[in-house]
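Below you'll find the structures, each written out as structure tokens.
Look for subunit A in each of the two complexes below; its partner is subunit B in the first and subunit C in the second.
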Partner chain A sequence: MRLSRLGSLRQLSCWLLLGEWRAYPLRALTAVAAIALGVALGFAIDLINTAAYNEFSAAARSLSGQADLEVRGTQPTFDERYYPMLATRAGVAQASPMLVLDAAVSGQTSPLKIIGVDVMRAAALTPDLVGVPVADRPFDTLADDAVFLSPAAMAWFKTRVGGRIKLRVGTNSVSLRVAGGLVRARAGQRIGVMDIGAAQWRFQRIGQLSRVVLKLTEGVNLMAFKSALARATQGQLQVLQSADETSRSASLSRAYRVNLNVLALVALFTGAFLVFSTQALSVIRRRSQFALLRVMGVTRAQLLRQVVLEGGMVGAVGAALGIVGGYALAATALHFFGGDLGGGYFPGVQPALQFAPLRAGVFFTLGLAVALLGSAAPAWEAARAPAAQALKSGSEEGALAQLANPWPALVLLLTGALLTLAPPLDDLPIFGYLAVALLLIGGIALMPRLAGAVFRWLQHLPTTHAITTLVLSRLANAPGQAAIALGGVLASFSLMVAMAIMVASFRVSVDDWLSHVLPADVYIRSAASGNTAALSPAEQAMIARTPGIARVDFMRLTQLNLDPARPAVALIARPIEVSTAANALPMVQTVAVPAHSLPIWVSEAMVDLYGFSPGKQVRLPLAGQWRDVVVAGVWRDYARQFGAIQMRLADYRSLTGDTAINDAGLWLQPGTTPAQAIARLKVLSFGAALEYAEPGEIRTVSLKIFDRSFVVTYLLEAVAMVIGLFGIAATFSAQILARAKEFGMLRHIGVTRRQVLGILAAEGGLLTLMGMAVGFVLGWVISLILVFVVNPQSFHWRMQLHVPWGLLTAVAALLLLAAVLTALIAGRSALSGSVVRAVREDW
Partner chain B sequence: MRILIVLWTLSAQLVFAATPVFTQVMPDHRLTFPADFGAHPDYRTEWWYATGWLTTPDHKPLGFQVTFFRAATATDSANPSRFAPRQLIIAHAALSDPAVGHLLHGQKSARAGFGLAYAQVGDTNVKLDDWTLKRSAEGVYQTRIHGREFDLDLRLSPTQPLMLQGDNGYSRKGPAPGQASYYYSAPQLRVSGSVSRNGQRVLVSGSAWLDHEWSTRYMDTRAVGWDWVGANLADGGALMAFQMRRADGTPLWAHASLRDASGKTTQFDNAAVQFKARRHWHSPRTGGLYPVATELRTGSVVWQLTPLQDDQELDSRSSTGAVYWEGATTLTRDGKPVGRGYLEMTGYVKALKL
Partner chain C sequence: MLELRHLTKSYTTGRRVLNDVSYSLAAGEFVAVMGDSGVGKSTLLNLIAGLDSPDAGAIIVDGIDMAALDDNAATQLRRARMGFVFQAFHVLPHLTLQQNVALPLLLNGADLRRADAMLEAVGLGGRGADFPRQLSGGEMQRVAIARALVHRPALVLADEPTGNLDPDTAQHILLVLRDELRSNGASAVMVTHSHAAAATADRVLILSQTGLRPA
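== the complex of A and B ==
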């Protein structure tokens, strides 16, 4: 009899598949769920990121409108004398000047973006930024008391046309009339447009511009024009194309996005492993069935197809569910967390979710591929097994023999180790992630060998207890099956350990850093956000003279654009003594600098991104001129991943003439409490406008922000754990069911039911312990990669390693308990059948 | 006279903190040249308005209009910003070619400042990006316009003395005192230069008329618009006539002056000036109904005004906010052609406010 007819083969295939699923629905469901979860997470993160990024860059693009180029300075504003120079330059058809400000709003933690435009110039180039006045006041676009608000800004201020809004200027505020709307603003884009002359006046930015957008005459070579202009202005002006703008907003959040996507891939990987373990065990259990089919004439290829098809079905169903779930998840997350998932990268935008068929296709394929990959090895084994041998009972272990070959695993581990030495690729720690993946796969692959060795060694320990001997000999002699259970424990536990160590290291480092950077007793800020609030020298003097204050460190925070393609660098000017800089800043490295030079201290990111290494003489564009400064030290900065530069306040003032400040740290005289000092400052004429904080509060808020930005990480960590537990449960129950005849035999020779359950619990516990021990080592190694390779390469900050022993012990105990319980529950159901029938089944 | 700046004259529109006070137009004020060729930024509204007929090398007629407006806004004088929109410069240019069937026109507007847009005092020198009108020391006007549909590069040379309108340049626009402008014309300007269209530049010559008028209070509140004509007569004479219309079309104020070839000027007041529609044209774009062919009576003389083409409507709602008809027109008397000029009709779509 040959099953050569295609129809009957398809029928058989269907029957085999459904039979398997009907017999073990939970296992199939678990595998489907794991794939679905991985795909859903990956797809959701991708959807959210894409939505947020698209929204952010669309909002950024609306600022440059139809323009070909956008010219900006190296500091937030530049001298308006460049405007006529640009407008009359050969090749320029149209030029539109803009003053862009982040206006602080009292009582709000985020600013309102105010864009001052020359409406007659903007009409042609940036029509989105032209306010729509009410019918009988067409000239409000030129009025010096009017502002046009986007719908989102109107909603934010709870105002409408005809209302008034108050914005901070210095320590005062200016009241503007809402003269109309911005009909073409994007949903969620919170901006206000006003006359450029009025903006210069009202916000005390006389003579300053933020950018000039240009439309070139037809036929002018964009690149040539761009470089000629950059040369002509000696680098004081940067010329950006809209592509630069997009890449700049992309790089703002790129590292964060990639990290999230990698976390999603981890979930998917765990899913793949679950498919593998399910399929592997299912193949082993059905070994004799398959051999029978072979004998009946089913070819190897057909058998291979059958097993792969089973995995593929799991993958397809899981991936499809994952796409639907991912979409729902993304919608929910956007609703509750906003577009940056708590990362804070996309302020002021409200992204709308868009279904992306192509991306959905990619994630579906990924889920399917992962499932197929997971079932490939078992399928290969099923097809390859010599039929005669496989028909015999008890040959299951042989099926897994090739998994015990240690060499591929060792090669993977070694390659992984070497990859950690590689530099970032395109500013991303691609090789670091690859190393993590290789170590994980290598570790799992090495597990059977390792488990065999350990349990064999344990077997040789002197023992008189029969049950112990049984347990150990089982584990030592069937390492392959044990390894599959172990792999699940290993994968989830090592990832859990790695992420826990990484996050703990980061958190502890940030906490230490916060206490270092907040030495004063009280901190004051001109406003919670924005760049329009500042303290004048007279106001600074009043603060310094306030009784009870021993010392004040004033701080000027501004921004420098050093590279058109990168986000701006923070420039912090404050009193720093060269000799005691190490006390003032969390210094990583200092060098002696020549006495007459201007010292700056840069964050680690500046070294990585701009090559500002210690001792190096570099040039900074300040107030329209290039100034030579020397890098006197490198400090650690967890607040600004795109780089920060500190310089002496006196140097900054003499170079720029800017005497305003934003922040101040106050040291109090003995006997004065922070509350007293704050009360005295608040009664100053401008005191009510300021923000006050004690270091403790800032620390609490900072750590809260930290935790929020790791919310997704915590979530994925939990998911990895749950998938891991699922895996263990599935594997144990599968094994125990498969060993029903073994237990039947044991019962026949007088082992009690209770003792069998003991064997199971001990096996489960020992396997889990073993998995956790190796998982811990692997996780620790991976955490080293995360802490010392991935993080510095992604975010340019380094940290100290810190192992959260308490958390790890608790999770380990939980996992152990869960494993033992699973083994017991599975065992109980396996032992519920008739002892006689269990043994007879073998014949 | 001349259009319009409905517009940026904002008087009632902007109520700012410290509204500047504009100088009023008074009788018995002597115009002094060359200073009065230049801008008068203390007055609210001012324009330089050149219109004329050109002849192409293939002897086809073209009409052209180049207008620069200056409008002082009510911007708070306390605003120290160089971007403060104290003075706005608006420019219109149009080319009338019967072969096209409608006006080709361009318009620009900008706040004065940064050397990009200005109306200078001292002598005529107005600029809006690459659009310029400048009077040289010899009295020759040079104008360059780079429109989207055409470029103009014209020299306008005087052949006659200036024509001071009204009472030595004090031109009343309504019954109330103060409803007036300072107004002079330069008729019979000899034109040479070039017109470029679709990358093709042709040399042109012809004759033109230039008006320069500045005021603070131009229109009576009852007036909705005006009709104006300025024409170079073939015998060397020059004719200017205008009427301010009420909403019902009846004249509120009218005036005309005719300078004959010998230089003798005759003034005609309200009752002596009459505009009578002969034929209307309906604008398919704006719905305006314009009396494109008109009969004008000044004293005992009757002039027939016939447009070069009917559709010479200029929609400038995006710059001055007004829609008006400004077109090349021939003058005939007793059936004989006697001159060529420009007819301007405002307030036919929506009442002007100036």
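== the complex of A and C ==
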């Protein structure tokens, strides 16, 4: 049986690979499982987010249909007088006006999107938005009481064609007849379409439009037309093309999606470390075997390839399983929980899962790459080891001598520190993530030197106890092997500490913020959601006159479109005094403004995204005109990631003439309880339509939403922890099994089994303690990056640092217990063989 | 077959272990090298194998100057022309006996069936599917000898091949080694502390601070 040279080497490679896997199947399986889990989580999260985002964007784009351009106002609606100008403009082939409203629904926390269209024009440009009437009422598309609902909306209202639905307008309701369906609406898309004139009348938006979609004449230069139109409207209207809409949709959830993906990749990182420790220990154990192969004629390159191949096989099998598992996980999650992973960015979306070969390829490559990277250093060591020395037993620590060089680690740490100073890249904290990765790798790489120094110092403590001496001697004299075990603890614990501190800091900050922004005794809202419910001046006066109410702060919430490529900014008008703004808002910076200027107070996101820095004079589009205002201060806002502006209600009213309000905060007179006040308000003619809440209820609900939005974070972190624990277990057991000869010798010279187990427990405990101590410091530093770099650059809000000592102590105790138990279990296994045989084995 | 010319070697600590070592090994010759501990016997084998390089002097194997070879070329030469037997056996624990013996054949792209014949020759016929953990020390060394000779090397280097064996087993192993060397026409250099082991060689040399000389 003669094989070609290449065939022979392949066979040798197979023998070595299968021999190793046959001998240590559990270890190989653990490494494969770690990579598979990491890839599966990353791929699943990416699939779910991509599916949800695609569906969400498609639903948003469907409102523009076949149009080339879309014209919007800088506020939710604009004067319909612009429409003739747009429709008759040279270069416009067709124009279709639309009124888009989020209609409040009594008893529901989310609104129904109502789209008013001119059905004749919509048929050409946005055919998806043309309702299908029943056969005997073909003109219902023009009826003033008819609405056409998407299947999801019909299901939501539990109604069908011929039924009626009630929507809120002001504090009243309007009843609409369900005249037909929208057959081309997307799955989960809750919309209703009606005639634009009927919508303007029914929802009290006479003379107002939300957007006009335009189809240009063939041959017209799109970009030139767009620029000219924007100039012609003097900034009062925004001209968008589909790329702008895509960008706008993407920015809504991009930071969230990227952060979640990065978090999912943490599991893959800990998996990579598991592969590294498994491979490194395997290479150390087989150092003399590899040396023998070198002596017998295996070249360095062949040996390097062999060890890399082992890691590569683990990576390939793990990544392939991860892709399959990730797809199954995503399908299951979408089936049971929908497309929103708790962040609230994709409400109601029901995306269909699609296998994306390119993305699968990326995640497969990532899984393979981390496994190859994990194998690279051990492979390099195996190849470069001098064969004659490596053949001698006891040379194992020499294999790790390179690890003790602190310079690469220090360079990584320094580079990581410098990267924290870099600005965001394309609105994402790319350098922040890189800094975290470099600090983590640098910290792990520094462990051999650190472990050697600490355990050498401990070794000098006076002790006459043989077992203690043995434990400390080994840890001090074999810091490389100790460091590999420490690395696993360090990676898991530091990431856990960092995430725990970040989430706790965020939660405590949100809690404090809620206390600050909810100073009133009772809050009322015209509706739980949507923009069609509001309170008129007469209704406001009735509330203010209600017995037991000492003071009312009315608030008007609306939106401004300041940048076509970004989501809208919230505009909140309320009673604020310049001198006491800090009492009403959680200010982070204030400046004095000129006496006759119009002050506004902006959230931190406005500074980051629009450059609205304190003291700066800026222009806001209000009621069709650009108004000069001055930024009087910056306040913290955890509710609106894309920016919010507060201004005095009196200023807003005088500039816009809009006297309606959405919300109010009520301060009660002494002796009046919130329940009494609410009861009195409910008897008002419109009182039953309002939403009432005490600050405590709002706070509870808000924190519940906060916790729900972090459930996936906790889950991913837990998986990373579990993989980390597996890594620790695999590392300890590999090291202990490799030391069977040492334990056999100890047993020969009179050390009892119990004492050997004591040695292992002490070693495991000490290593874990040290790993946790350094892991805490590293985790704390990483948490600073998450809190002060990644979060502000992702979500444009800052927070105060809070360390959850109780949680960290509990996890540390759990980790310590797990590590000691792992060491003991592996020790029992190592001691179960023959003592005599252990000392005679030649490897 | 092998020519050592005025070899000199010092450790990195500065201690000189080989001093002007010269010898010419004829084809098919089996020599034993004895000497005190630390005198450089194993170092001499490492130099011959190309695993280490001398400070001065030359090593010629089959007319090839080892100093002219880079790591890859030295590896190729070892693979094709040399066999090794170690004191600590160094049998790969997760390969069967047949696979262990067949390793050099695989590396040289040769017919694997000779592995079974070699196992037969060293008295382990029919046990090719066993694993090393099922063997005694003497049996493991027989596997090592089979592996050293299976690809018909011109030169076998043996470093204390009986150091871990009892006298009876050691004597038997040495006879197996000698017989197999002869039947394969291989030359051999065996480093040993054992006079009994050395007696099985064609010639005994003593390595000392002053060089290599006949006993």
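Going forward, the second predicted complex is superposed on the first by the 830 of 843 C-alpha atoms of A that agree within 3 Å, B and C clash if a C-alpha of one lies under 4 Å from a C-alpha of the other, contacts with A are read in each partner's own complex, and residues count from 1 in each chain.
Here, contacts are C-beta pairs under 8 Å (C-beta built on N, C-alpha and C of every residue); 3 or more make two chains touch, one makes a residue touch a chain.
Being a predicted model, the structure only gives us computed values, none of them experimental.
When subunit B and subunit C are set side by side, the one touching more residues of subunit A is C. Applying the stated contact rule after C-alpha superposition, one finds that A:159 touches neither subunit B nor subunit C. After overlaying the two complexes on the shared chain, residue contacts for A:709 are found with neither subunit B nor subunit C. Shared-chain residue A:19: touches subunit C; no touch with subunit B. By the touch criterion defined above, A:613 lies against neither subunit B nor subunit C after alignment on the C-alpha atoms of chain A. In the superposed model, A:138 makes contact with subunit B only, not with subunit C. No residue of subunit A is contacted both by subunit B in one complex and by subunit C in the other.
The part of subunit A that touches subunit B in the complex is made up of residues 80, 83-84, 87-88, 97, 116, 118, 120-121, 123, 137-140, 142-145, 195-198, 200-201, 206-207.
Chain contact summary for the complex, subunit B toward subunit A: residues 8, 10, 13-14, 16-17, 73, 75-76, 79-85, 88, 109-111, 114-116, 129, 318, 321.
Across the complex, subunit C meets subunit A through its residues 42, 46, 49, 51-52, 71-72, 75-76, 78-80, 84, 86, 88-95, 99, 103-113, 137, 140, 164.
Within the complex formed with subunit C, the residues of subunit A that make contact are 1-5, 7-9, 11-12, 15-16, 19-20, 22-23, 288-289, 292-301, 386-388, 391, 393, 840-843.
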